[in-house]
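Some structures are shown below for you to check.
In the two complexes that follow, subunit A is the common piece, with subunit B as its partner first and subunit C second.
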Partner chain A sequence: MNVQQSHGQPLLSVRDLRLSYAADRGDVRAVDGVSFDLEAGQTLAIVGESGSGKTSLALALLRLLPRNTSQFEGQITLNGMDCMALSDGDFRDRVRWRQISMVFQGATESLNPIYKVGHQVREVLTARGDQSRQAADERTRELLDMVRLPTETFNRYPHELSGGMKQRIAVASALALNPTLILLDEPTSALDVGVQAQIMNLFKRLKSNLGVASIFISHDIALASDLADYIAVMYAGRLVEIGPSEDILGAPSHPYTQKLLAAIPRLRSDTPLEFIPGAPPDLSDPPTGCRFHPRCEFAMDRCRVDGPREFVTASGQSLAACWLLDERTS
Partner chain B sequence: MTVQPEIGAAPMLDLQDVAMHFKSRGRGFRTTTVRALDGVSLTLDRGETIAIVGESGCGKTTMGRVSLRLLEPTAGRVLFDNIDITEVKESRLKGFRRRAQGIFQDPFTSLDPYMTIRQIVEEPLVIHGEGSASERLERVEWALEEVRMRPASDFLDRFPHLLSGGQRQRVGIARALTLTPEYILADEPVSMIDASSRAEILALLRELQERHRIGYLYITHDIATARHFAPTATVMYLGRIVEQGPTADLISNPLHPYTQGLLNAVPEPDPANRLAERPVLPGEAPSPANVPSGCRFHPRCPVFMAGLCDVVEPPLVQVELDRTVECHLYGEEGQARAEQDATESVSENA
Partner chain C sequence: MALAYTLGLRALSLVGVVLVVLVLVVVTLGATGFSDRMLTAIVSEEMRGQRQALAETIRDPERLEETLRERRIDLEEFYGLDDPWYTRLPAMVGRVLTLDLGSARNLRSFDGSSRVTDIVLERVPYSMMLVTTSLVITAIIGLWLGAKLATRVGTRSDRLTSYLAAASNALPAWWAGILLILVLSFQLRIFPSGGLYSSPPPEGELLRFMDLLWHAALPVLTLVLVSVGAWTYVVRTMLLNTAQEFHVTAARARGLPEGQVMRRHILRVAAPPIATNIILALTGSIGGAILTETVFNWPGMGRLYFDAITTADEAVIVALTFMFTLMYVAARFVLEILYVVLDPRVRYTAQ
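Up next, the complex of A and B:
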């Protein structure tokens, strides 16, 4: 999917990206034809239920492919460079962490307990032998300051830090090589609401101060609204709706997006909560036609047979893959 | 709760000034005391839901465990149906164990991966020596149908790893339901489930409550789900209850500065959110091994009054018939102090 938004070349352009895993029950098509653009300095949120392929999409962008990958194709263009044409070695040397970095889900548990956290951040800078230890130390202190950790944190061990502080260390590592794009995969899911708000504030600050673009992955569309300029809704390996946050949150067009929003407990409203009956489909054997049709209350005959095209929504700003939009226009 | 029960009618669950202190090893040979729970009182009736809201380390889970007598409190009393079960021996708790059950946070680790759904849900019946094998099977099928895993026969012989998070949590609920308990502790039952399925699990719990008059203690860090599930809420901070009242009032008019901070942190889906930073409380809650003097919240409090909040423990103030708050802002000393400050600032200006 692609929204007519850009003036000039986008930072990241993804076309028909596919990533499948080989499994006993057949190929699991985790990412199945995803397209979008992202401009420099902007945030795109990818929201959807677990198992919709959000994390696989991030792994595909960073080319961190599991060993059982059976299909990886499509186009990824970053700053005009064709990423898919790069060899694994070139991708590692030129793109991963230098241009695209990532804060992983559960990053707080990914720190090595026996090394000081400062050394773990520094390792990113020295691993390829391109910075002296002294310069790297200095840069690490600068990074700690950037994520609002006191400099003495450098010499602390992971167990001495709180969850929020460990998350900041993960962010510092991701920022170390000045990437233009940072992938945030459920970066606050293990944190308390108060700490979560602090980390989201940190992302906002990094966005405005460093101008780094981000892709924010979450199952929580309310949380995504804290950062997202654009929101893409992912279902069963595909994007079903994409557009500016105002549009997706204010006037969602796809029934799945509408349901996702209606399921969120609002703090200041008594509106009874809705939920989406059933579970997302098994991606080794997705439903025919529109993948959401078995759970959709508006499903029509054609939805069961034909996969929906993308339609421009009423606002003219978003795209949604749903036959209902065709009905409306015809 | 603050609402007085009918005269003569004892509440189902009655926690009276309960404290739970753990001894843990500090540096060297010194021991430190972790004050996980430090004098909390609460009552819960059949058919009622009370939310316990707070961040990690506030003592909410400890409180839940004490309420199920999984922990023997170090002070205070736990009454169930007017019977003191604080120090009753485990062997004599079987009656209570049937009537009080728990649902836990993580549906991925709270179900034994080597047991089938049938074995998991049947286990409480086996432990309590209920019925014959065929009666138990009937009961298991009933419980699965109750949690909308239909037809039950489809699920009986499956293993937990084949189920989604929402389904696993429903197995956990079915297991709690087999003995038709009167009280269920629901400790973060939806926090590890997708946002889109939370509403479904909460609706199910409420439906079961209406059908079986179950009382729930709903432990959560998510005040928004509490709003939709529990009519009454209790906010905890570092082992103390700091505010209590009808959930909707507590949200529309939070009294305690901590409650206000907690509410500010909750995002609602609004595209304008991205344009400004969210007002947040500074830092994180200190460890319950190192509880601040006076009001425990004072080091993070935006309206902290020096010389009072860091010295004197705040009073419990009944602000309205059904609302209490533990904060100097609403106590006599604090009010006097506020007046004094006001006159001083007037005279300074003059």
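Up next, the complex of A and C:
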């Protein structure tokens, strides 16, 4: 799926990306033919339920493949460079963290418990031998300041910091090498609401100050809308709808997107919240045709047989993979 | 401050451990009657010999009985049987606690001294030569192989090594020792079958030492064979546990070289439990290896303990138990400090 957002060369271009894991019950197709473009400095939110393949997509972009990976193919072009053609070593040295960095969901789990957090940020700068200890120290303090942490945090251990502070450290580390793209994988899900707001504000400030592009992965479409220029909705390993945030939020075309939006609580609303009946499909044995059809109230006969093409939506700005749009246009 | 307080508390409880172990020794030797029974048997055995010897020089039966009675009283005094166990053994413990290990009743050092300190000091180097050497070899192989396997879990070499590790762990030391003697000593005649030196020992310091090493080779090989499997497997599992922690994936995500991930983010994090194993094993190695030392006729600490028990040499048993417990306790205390150094999460709070 692909929306031409501008005529220039995109920062990141993903085509037909596939990532499967070997499991006892057969291959689990976590990412199953995902395509999208991302412009420099823009934020793309990828929303979807748990198990829809959002995190696998992020791991695939960083080539952090679990040991049981059985299929990994497609095209990933970053700044005009064909990432899939790089060897593992080249990818690690040239792309990982230099160009694409990541903030993980669990701030606590992503930090090594036995090193001072300052040293863990500094390690990124000195590991490849490109910076001296002093220069790296200097830069680390600068990064701590950037994420609004006091300088003395440098000498703290992870267990001495709160969840929000640890996530700030993770952000500082992600920014260390001035990447062009940051993957934010549910970066606020483990935090309570007040801290969540602080971290979201931090992301917004970094976005406008540094101009770094990001992919914001979340199950919370309302939260994602706070930051995203574009929203992609993921279901069962595939993108079902992608487009500008206002368009997706204001005029969702895919029934799944509509259901997701209807499930957001509103203040003083008398209408009960909607929910999506059924459960996300088993990715080792996905439904035939459109993967959403067993849960879709508009499902037609062809939905059960044919996987839908993508169609330009009524607004002309988004793409959605749903046969309903074919009905409308014809 | 809090740290000193807690370490002090630990030290105190470890001293408690020493005392409890010594009480247990007194109870097992004394209250069960083991010591009295063994000593009475030894006295009776000696009396039988004396009666035969005296019967040839003393013809008068009454004088003979009189002399024998006197001899028996002397012997019972020598073996401490004139005092009940609950005064005899605690006195021994009390003396040992003042670091006076006392004298052995029957056991002697090679040059005839009966001081327990002399006997022990003479044997410790031999035990260390065998057990500590093999432990160091085992630990190095185990760490190296375990780390290798942890990076290739599930491969054929990993599975093969896991089977071999289980086999090595199941191998009894005495059986492996006998097998090695059969093959390498009797069949192929590469190594001697036991003892410290050839007879006659070669002339010259260096040659003598080489001869000793040659004699140590088979027992060391035996000990390595039976323990390297468990070590490898334990190291592999510990590293694997750490390698599966998420911060390791995060470290890889940051593009750190694989060697650095292994060193700083896996090995270093898994270091505390591995250090525990190494330090406790090193301490234990000074205590010797009873079975292997017996099979190879090697006069180490294990053999000494064994001989002390079979001859009911209470002074030696109590002294050795005290020594080993003290070493264990000291090692534990070193570990307490090491943990604070190795893992910043180990926080000591005075409560």
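Worth a mention:
Just so it is clear, the second predicted complex is superposed on the first by the 327 of 330 C-alpha atoms of A that agree within 3 Å, B and C clash if a C-alpha of one lies under 4 Å from a C-alpha of the other, contacts with A are read in each partner's own complex, and residues count from 1 in each chain.
Following the convention adopted for this analysis, contacts are C-beta pairs under 8 Å (C-beta built on N, C-alpha and C of every residue); 3 or more make two chains touch, one makes a residue touch a chain.
Please read these numbers as outputs of a predicted model, since none were measured by experiment.
Judged by the touch definition given at the top, the superposed model places A:123 against subunit C, while subunit B stays out of reach. Legend: residue contacts after superposition of the two complexes on their common chain; A:110 is shown touching subunit C, with no touch to subunit B. Judged by the touch definition given at the top, the superposed model places A:98 against subunit C, while subunit B stays out of reach. Touch criterion met: A:264 reaches subunit B, while subunit C stays clear of it. After overlaying the two complexes on the shared chain, residue contacts for A:173 are found with subunit C alone; subunit B is out of touch. For subunit A, the partner touching the most residues, choosing from subunit B and subunit C, is B.
Those residues of subunit B that touch subunit A in the shared complex are 55-56, 164-167, 194-200, 202-203, 221-225, 227-228, 248, 251-252, 261-271, 273-274, 277-278, 280-281, 284.
Residues 62, 64, 67, 92-93, 95-98, 101-102, 104, 106, 109-115, 123-124, 127-128, 157, 159, 173 of subunit A are the ones touching subunit C in the complex. Chain contact summary for the complex, subunit A toward subunit B: residues 43, 49-51, 162-164, 192-198, 200-201, 204-205, 219-223, 225-229, 244-246, 249-250, 259-261, 263-268, 270, 273-277, 279. Only residues 153-154, 245-247, 249-257, 260, 264-265, 268-269, 342-345 of subunit C touch subunit A when the two sit together in their complex.
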